[in-house]
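The chains carry the letters A, B, C, D and E, assigned in the order they are written, with residues numbered from 1 in each.
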Amino acid sequence: MPRHKTSLAKKIGLPPGTLLHTGLSRETVPELTVISYDAEQVAERKISPGELSTFRERTGITWLHVKGTYHVPTIEVIGEAFGLHPLVLEDILTPGQRPKLEDYGEYSFFVLMSHTMVDGCLVSEQVSIVLGGDYVLSFQDEHSDLFKPVVERLLNAKGRMRKFGPDYLAYSLIDMVVDHFFGVLEHMGEFIETIEQEVVANPQPSVLHNIHELKTQMLFLRKAVWPLRELIGALERGQLPLFRESTLLYVRDVYDHTAQVIETLEMYREMVSGLLDVYLSSLSNKMNEVIKMLTILSTLFMPLTFVVGLYGMNFKYMPELEWEWGYPVVLSVLGVMTCLMLWFFRRRRWI
Amino acid sequence: MPRHKTSLAKKIGLPPGTLLHTGLSRETVPELTVISYDAEQVAERKISPGELSTFRERTGITWLHVKGTYHVPTIEVIGEAFGLHPLVLEDILTPGQRPKLEDYGEYSFFVLMSHTMVDGCLVSEQVSIVLGGDYVLSFQDEHSDLFKPVVERLLNAKGRMRKFGPDYLAYSLIDMVVDHFFGVLEHMGEFIETIEQEVVANPQPSVLHNIHELKTQMLFLRKAVWPLRELIGALERGQLPLFRESTLLYVRDVYDHTAQVIETLEMYREMVSGLLDVYLSSLSNKMNEVIKMLTILSTLFMPLTFVVGLYGMNFKYMPELEWEWGYPVVLSVLGVMTCLMLWFFRRRRWI
Amino acid sequence: MPRHKTSLAKKIGLPPGTLLHTGLSRETVPELTVISYDAEQVAERKISPGELSTFRERTGITWLHVKGTYHVPTIEVIGEAFGLHPLVLEDILTPGQRPKLEDYGEYSFFVLMSHTMVDGCLVSEQVSIVLGGDYVLSFQDEHSDLFKPVVERLLNAKGRMRKFGPDYLAYSLIDMVVDHFFGVLEHMGEFIETIEQEVVANPQPSVLHNIHELKTQMLFLRKAVWPLRELIGALERGQLPLFRESTLLYVRDVYDHTAQVIETLEMYREMVSGLLDVYLSSLSNKMNEVIKMLTILSTLFMPLTFVVGLYGMNFKYMPELEWEWGYPVVLSVLGVMTCLMLWFFRRRRWI
Amino acid sequence: MPRHKTSLAKKIGLPPGTLLHTGLSRETVPELTVISYDAEQVAERKISPGELSTFRERTGITWLHVKGTYHVPTIEVIGEAFGLHPLVLEDILTPGQRPKLEDYGEYSFFVLMSHTMVDGCLVSEQVSIVLGGDYVLSFQDEHSDLFKPVVERLLNAKGRMRKFGPDYLAYSLIDMVVDHFFGVLEHMGEFIETIEQEVVANPQPSVLHNIHELKTQMLFLRKAVWPLRELIGALERGQLPLFRESTLLYVRDVYDHTAQVIETLEMYREMVSGLLDVYLSSLSNKMNEVIKMLTILSTLFMPLTFVVGLYGMNFKYMPELEWEWGYPVVLSVLGVMTCLMLWFFRRRRWI
Amino acid sequence: MPRHKTSLAKKIGLPPGTLLHTGLSRETVPELTVISYDAEQVAERKISPGELSTFRERTGITWLHVKGTYHVPTIEVIGEAFGLHPLVLEDILTPGQRPKLEDYGEYSFFVLMSHTMVDGCLVSEQVSIVLGGDYVLSFQDEHSDLFKPVVERLLNAKGRMRKFGPDYLAYSLIDMVVDHFFGVLEHMGEFIETIEQEVVANPQPSVLHNIHELKTQMLFLRKAVWPLRELIGALERGQLPLFRESTLLYVRDVYDHTAQVIETLEMYREMVSGLLDVYLSSLSNKMNEVIKMLTILSTLFMPLTFVVGLYGMNFKYMPELEWEWGYPVVLSVLGVMTCLMLWFFRRRRWI
């Protein structure tokens, strides 16, 4: 669970800016896609790290998207080609970063935490974005299709996107990440509803486990969204000169979305902790029911058993035993006792 | 429950500003009402979207009220007629928006969340308001009569409303939404009182369900009111040039009302969580009572049963069995034991 | 309980500033008292609403105190005589307002919530104060003697009060309201102590009810005091030009008092919730005791009952039954078993 | 417990600035000590209130320390001699004030709440300090030796204290009060440790009482320290012109100490509430143990008792009773049943 | 546990700035290491306090690292050699200081709290750093190798460190302290996972103890990290002129790390308190199971025992006893009763 913690701890004592991928190292080469576009044309191409240097001469806007950040040499080459600060490269290579926004003058650097729902599991992935004057670099840990809709919109002739600058592209990527949170929240909302019905209908110990799971997921989500809102809030206040006025209008919109994600999350948290209360008191209720039943039974049978035990004694001189009507009388007495007790329980609303 | 979440998730990957009604789509055409007024006269008319363009030439103040925001073409026509930004139209069409206030220079855009009590159910509805220099546009999701009192006041000759500008009309609509919260709070207050009496008199497991329901409702309400206060606070600080000084006095009043709604809500929440405590400890108390009864019974009958079992043994040489007074003596012993134990319980205040 | 909520809900849809008393309407005419004073002289007089207009011509300071705000015509007459804004009159007539301070230029308007302890009940009452250049208007809902000490100090020759302006009088009224909170707190402190002793000595289910009651009272108090502090804080920061520098020194003092009320209240809340914990765990303790007793008893008598049942069997060939010492041996075995078990319980510190 | 609350309630309706000792009035005359010093010399003298007027002519720094603030005439004389505002005198005479700092231009006025541990009891005492241009007045409620170390350092030739101005003396007194909090915290820390060991080793109901006691003490402490930090924070930001730059360095140090007191206190509070959780769940555990034992016993003996009861029936035709091996067979069956059940419990890890 | 509290309490009444080591005094001489370096060369040397004065004349940057702060004379000598304020020396000698940053003009003073995991125990140690124009002094309580990686990087030719000024060295030391927190967090994360599995698989009372331990550790950690973030935040905002612009970029990085430590810590705290909930309700569940079993057993055997007791009565006239099929009939009745009850339990989903 705290995998990304491990990664940072592994680096203790290394000078800051040392390049070393702290995640799970893998052998496969990362996938580099370049999309060059301006208002008139657009071209998408998969390239190898060696071709990077030639790209900087082109006009228009260049978007370089890197899938898989575990390959240190590739990241180093990109860093050199675009003149990135060692701290930026370090942050790209270290998964489990806190979402942040850093302004390096010529370019700005974003770290985001994307969360998506894959087969009912919450999958988190670090996304780093570098926004320069005429380029955008984006890095994601895994090979997932996080930004596919943005790519399609770019390639699609109808989109307005190509008329805007690289800041609008950066905004679109951030917007994409925020949009994915709604998918996760929707999934959670449905899960909460399921738990709710289960708790009301037939509370099982497994409910507890589900609630605990959900709570942990929410904690992870919260840890990703709060700094994200901070980050977008800073953007909205115009702290990045690279973001044009016209784009800020859209940023304000994303800001509202993150606020909504946070508020929904907080609401869900309270709902879940309310469900726990309901579950716990339904446990108490059940125990009450069971104990009540035990008490009713004992109250019914203990006196009866005493009476039959009484006439099971072997004393020589027990006049009742000799009576002809002794047995029926005792049976009637037992019946009356039972009725009295049932009436007593009924009055107490126990049965 | 998290219906409006679904709607946003549905849009993942679409370019911002794409018009698509994300709520439940319906076929019926929305209802458009136009009220044109100035200090001297007032006219109300139901129109079709086609007639919209002609309306802009008129003098005086125009209020266009749209019931049902699910019909995308209508909203598009309105957006064109009044020159609204695509993001505004998108927000109008997307239910479940976070209440917000956006200044677009020539016009201001409000999104509110109205909550009303309909047949004991909490019904929420998004209300969007566009305030221009001489017009007000208002949009509501459903066909409810949310703003009926405002309409009546406008048509009614006695109201001061017609002497004020469109900002006062916008204020009146916001005030209306806030006023409805008081109705909801009143209903909740009564419900809390009912639960309180039930918890004290005869705590039933259903109490738990009611408390949970109430809590969830409060969470939804809270999610709507907090951003609303923020919004009205921004209004009050004069951030909208379209609001005149004289209207701000009234806005200050609404601000106090939202503050009061929030404080009452927070108070109710604490009261409800107090009720849960009372309910849980009354459960504990009840269990204590039941177990005490079980213990008293066992304490009474177990020794008695042992004694009668003792003289039920079939040993050949049991002198007591032969005694003439054996049986009465044992009966007396049992009686004395019972009295002693009853005295013991009395001293412990168990009975 | 949420009586004043009702009142606001009743007004839904009326134009703001509509005069309509939203509390319980009553027929009796409110009581108007006028005290005119300057440094040399003082005069107190009960007047009828008709005489109001003549009062404005006098020199010196005029204090008009109105007991009973339910009579709309009287309030209207006063509003006209002193030129008050419709919103001010509306607030005076609507009980359950949030404490607030509004500056209308020529005069300032305060709404306070007074809480007093009457026969062990918490009674709340809205107090409205209008402070003008040379007059003070005060309104209270009921006919209680809230401001009697202030009146006496004014009439009393020794007081310094008559040398100060109307702002000092307004301050004195606010101070009076804050002082009453201390009486309420003192009463609560004693009540908490009583509950504390009860919880420790002999926890009864009624404790729970008392704690719940106390908590609800505190919630109401808190709702009144927090905005009050805000209000006095604004005063202290000199936001009202009508308050002279010399009076601000006294306002600072009241501010500290409200801060103290709030801190004491918060402390009481934590103490009360601590008491609830103590009560709940003493319940658990008691149940533990009872169940332990049940277990001890069952452990003692179940084996004994089994043994005597064993020798109650009717098998033809049971050698023990024939033995001459069978009965005494079984009795001794039972005695030894009992002793062993008692020793076992003692070692476990159960008895 | 809420003694000082009583005192403020007693004053309801008196004009502010009325001198009346609201604590427990006593007959003994308070003890006045004057220490006059400059860099070269120092003199300590006990004086009577009558001699006060002559003191103001002297050069150097004068420290007047008053033990016992219950004697109104003495305080009045001091107030006159040093020209103090009536509100200052009122605050000195009223115990239970909220710690505060007030600047009266020529002099500054501090109210502090000192807490010390006396024989395991938390004793609180109000300390008032007036800092003038060349004098310091200090007042304490009781006759304790709160400031003895400061006196000794002044009289002691080695201290640097005499070279500094009266602001350094005032700082030393405040520092003294803060230092005493550490003694209290140390005591609490040890007490928490004791409770911790008790909870783990042998949880007794008395633990609950101790925890409750501790919590209440912490609440009182917190109520004293938070405003104290505020006060010292204001000092540190240089809001008092009477404090020289060189002294502010020391004030920054005290500020850190109060911050540390608060953080330790908050940590202790969480630890104590953690202990309560541990105690409550150990109660639950114990009950589980007891109930498990009861269940094991019942499970063992109920079937056995049934079997022996079965063969205690008096039917004429019960073939088993006639069998020669009937009794041993039943005994073996009982033995096998017991073993089976023990095996079952073992498998469930109950024994 | 509250060891450092003791130390501060021990100083009550001493003048501030008095040098006295308040920790555990030991006899051994502290270890002083000096590393002098500039861009070209580096030299490390262990020195004695007597050689200190000669060091100040050298060019380049001097780093004096002191291990063991308990030796007052050494600290006094260092203080004199570098002209440190008495308050600085006092803070260095007093363990348990709150992390803080103080600017003395010519030099800046940092107090940090380092936490490391040694053999599964959380070990805390105070680290004091003095940053001058061309020197850095660092002090640590114990002889641990806290800063070994920094030393190695300095001595190592490849590091960029020697090209930067002393501010970069101070940054590196702070970064080191923050990095160690990640190690602690990683350890905690693993421990939480272990507890989680234990709680789910087989909840034992020892879980409770572990959770309590973990919570206490987190409280200590939190107390150290929050002021640390504050401190680094102040650094980042450029409050220290000794920190160059180029270094601030790195400080921003450390700031993000502390923020991440805090957020992870808060997340862990919620996870742990969630685990406690899970544990407590699994206790409840277990008790429910046990009581259910007891109830099932009693329900099964109490009626059976009553029936066999009934036919154990010794009445002379009990017709059933005489019947030839009496015994088998009773046996069948008992069997039918058992089946009915089992069916009943099955229907209630108890078995």
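The criterion applied here is as follows: a contact is a pair of C-beta atoms (placed from the backbone, for glycine too) under 8 Å apart; a residue touches a chain by one contact, two chains touch by 3 or more.
All values reported here derive from a predicted model rather than from experimental measurement.
The chains in contact with chain C and with chain E alike are D.
Within the contact network of the assembly, the step distance from chain B to chain E comes to 2. Mostly differing positions are employed by chain A and chain B in their mutual contact, as under half of the interface residue numbers are shared between these two copies. Chain D is reached from chain A by a rotation of 145°, derived from superposing Cα atoms (nearest 5).
With centres defined as mean CA coordinates, chain D is found 42 Å away from chain B.
Centroid to centroid, with C-alpha atoms defining each point, chain B and chain C lie 26 Å apart. Residue positions 284, 287, 291, 294, 298, 302, 305, 309, 312-314, 318 of chain D are each in touch with at least two other chains.
Judged by the touch criterion defined above, the protein chains form a single closed ring in which each chain touches exactly two others.
Chain D makes touch with chain E in their complex at residues 148-150, 152-153, 159-161, 172, 175-176, 179-180, 182-183, 185-186, 189-190, 192-193, 200, 249-250, 252-253, 256-257, 259-260, 263-264, 267, 270-271, 274-275, 277-278, 281-282, 284-285, 287-288, 291-292, 294-295, 298-299, 302-303, 305-306, 309-310, 312-318. Residue ranges of chain B in contact with chain A, taken from their complex: 1-2, 5-6, 8-9, 11-17, 85, 87, 97-98, 100, 102, 205, 208-209, 212, 215-216, 219-220, 222-223, 226-227, 276, 279-280, 283-284, 286-287, 290-291, 293-294, 297-298, 300-302, 304-305, 308-309, 311-314, 318, 320-327, 330.
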